[in-house]
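Here is the structure we will look at.
Chain lettering (A, B and C) follows the sequence in which the chains are written, and residue indices restart at 1 in each chain.
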């Protein structure tokens, strides 16, 4: 198995993780016009909470669920008491949620400290797989890909094939329309928001079992997710999927071929996109 | 033969599956005053936007004084002599009336790029702005923020802004919308008093104002031109009456 | 009212001039920092308060110019007379490239600037052979041009003070000029400006580059003060802080960003003496400002003055 293919698998596994984070972010924006810069902090907090749960109960499944749930609660509180008050003022939202992220980051630092921590995952998920050519490859990367694909498939089905999904899609297209049909828009928003939060927390636990958690990780992952969303287009689920793949693969190949300029490899596509399609691949005029 | 001021050729604008404008051609001669009328949804504002550059047409062409401007950005059309007002008042609320006008005055020349002298230092700009305010009946209010001025007065400001871009052809989108009868009188008098070398294309719902100001009238219905003629011809036409009051 | 303003300005100026002697080296250093970051905040505010563009990448220009100066002076022994302008040029060149972002608006613009900022931070962080990685570049000397050489922090304080006053005066001209008014017009209604003949994207691009140049200048001042530069200078929190300073102090004014810098840095200094949570403090200030004082301290002061004036009228 050639290095190129190995790097591709690396890229896809990162893409899976990024998709978990970006999908929630992009749907929140598409439906509720909310830009939540604390999404990265949600990832971190979810990961840390999952870590503590795994350490005390020994169950990875519980950690995944608990990390997600914790962020759902946290996200709800932040949304209800803080974000709601900014209306559709995106500037205010960005500032407010950045502030929230800073607070969460420091709180996490106080509770879990500054060392690199890894969420303990069960043995059958870790270890190595032997690929053609006698190459030892981390099994967990395939776990991530599986998780990403699974969530992607579920979201896709929900979004495209269910009535709920149809309502959300209509809302992304035209919020007034949804309001007019008498559907409880508030509850819809809360549900989508909760889903986004859950995915962020889940991503934190899943990612934290492989990439480790540390102060600053919340911003690094957020930026990647932002690039995914920029490339894919705000509000588009397909955009989040394709964008995640593009970013994941670019990052993997960038690290392999030009390790000192790997961030620069992200710059290329964004710059090109600015020139030809400022709204991203699947974005619309909002 | 001098080029017509405005020449629209087989223009169409399609949104999704819907043709808001469905093959409209019209020619407005230099100095002419043309009014576009038609019921709601006839496509008047969409047509306007395509001619002024806010939207790009799906098909067809737009020429201003013989120049093809179909794909040109709005600011280029303004540089060629286009001035316009908006249906929904579009002034600068946080800026004073004087500043509003100053922006319009320097918008079409190189002075807008000056970075090292304050705007106040440009005597001619201030002079022109004050003159403009007087002409639209807003004298003495140069230092008031636009958001504190009444709706009718903001509409007057809107017109003053368009007039200060050195327009050769003026596009007015429902200039009397939302105004009291007295204010309507005032605006239509102002429009009637404009110099004859400015070509006018106007959308107006108020039939009296429209037919009073127009040299010629174009009637739109469902994205197509159904009649073009003098105000009297339009007034007498049965089809137009149907479209507005009946069953078309 | 104007008389009061002039008197106030003179008092403040007198205070600033006598600070090193009245208050000692610690406060001199802090004041120097406040002026440098105030300048960075001012550069961000040119876009935010006047053009309506919220850029979160200005630390990039700040850091690129700081690194350029540091590398030139420390590694290649290039004198200040060449290194300092080179720094400004480097930062401005980057702004010419990043200015591509003005093809977008609103949220997209914000997100793209964040991504751009991370690219620079990432390069500073990973290209260790050139940038020194996490350690950065150290031992940057004080600036020296020909015979005039700075030898102390007190002297440098006055250099920065003079530089900031000059920048402030230039900035004042800029925002009162037709170009500056044009930016405010674009912020108020871009469609209107286009129909008045303005090529708005070009205007915004020019503003972006100018603002990048100003941020680069702040970076030059920074590196000579700090005597080293590391990737933190290019980090997201620095860009965010600069925006916060502008907003807390009062966006759209000239003095606001500097007041904001004073508040944020002063607060951090005070708080860090008993707890290591300055990001959280900044976060709280952000939240509080957004929810309760979006016009910043200058705005609050104006509101207070208006209220007092009305009270005074009632009394008569």
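In the analysis below, contacts are C-beta pairs under 8 Å (C-beta built on N, C-alpha and C of every residue); 3 or more make two chains touch, one makes a residue touch a chain.
Computed from a predicted model, the values in this text were never measured in an experiment.
Number of steps on the shortest path from chain A to chain C, with steps defined by chain touch: 1.
Put simply, the chain nearest the middle, going by average C-alpha positions, is C. Inter-chain spacing, taken between the CA centroids of chain A and chain C, is 32 Å. Centroid to centroid, with C-alpha atoms defining each point, chain A and chain B lie 48 Å apart.
One simple way to say how far apart two chains are is to compare their mean CA positions; for chain B and chain C this gives 42 Å. Across the complex, chain B is touched by residues 173-174, 176-182, 184-185, 188-189, 191-200, 210 of chain C. Residues of chain B that touch chain C in their complex: 52, 54, 73-75, 78-79, 83-84, 86, 90-95, 99, 102-104, 106-108, 111-120, 122, 161, 165. Interface residues of chain C facing chain A in the complex, by the touch rule stated above, are 54, 56, 97, 100-101, 103-104, 106-108, 110-112, 114-116, 118-119, 121-123, 126-129, 236-237, 240, 243-244, 247, 277-280, 282-287, 289-291, 294.
In the complex of the two chains, the chain A residues touching chain C come out as 29, 35, 82, 85-86, 90-92, 94-96, 98-103, 105-107, 109-110, 219-220, 223, 226-227, 229-230, 234, 259-264, 266-267, 270-271, 274-275, 278-280, 283, 286.
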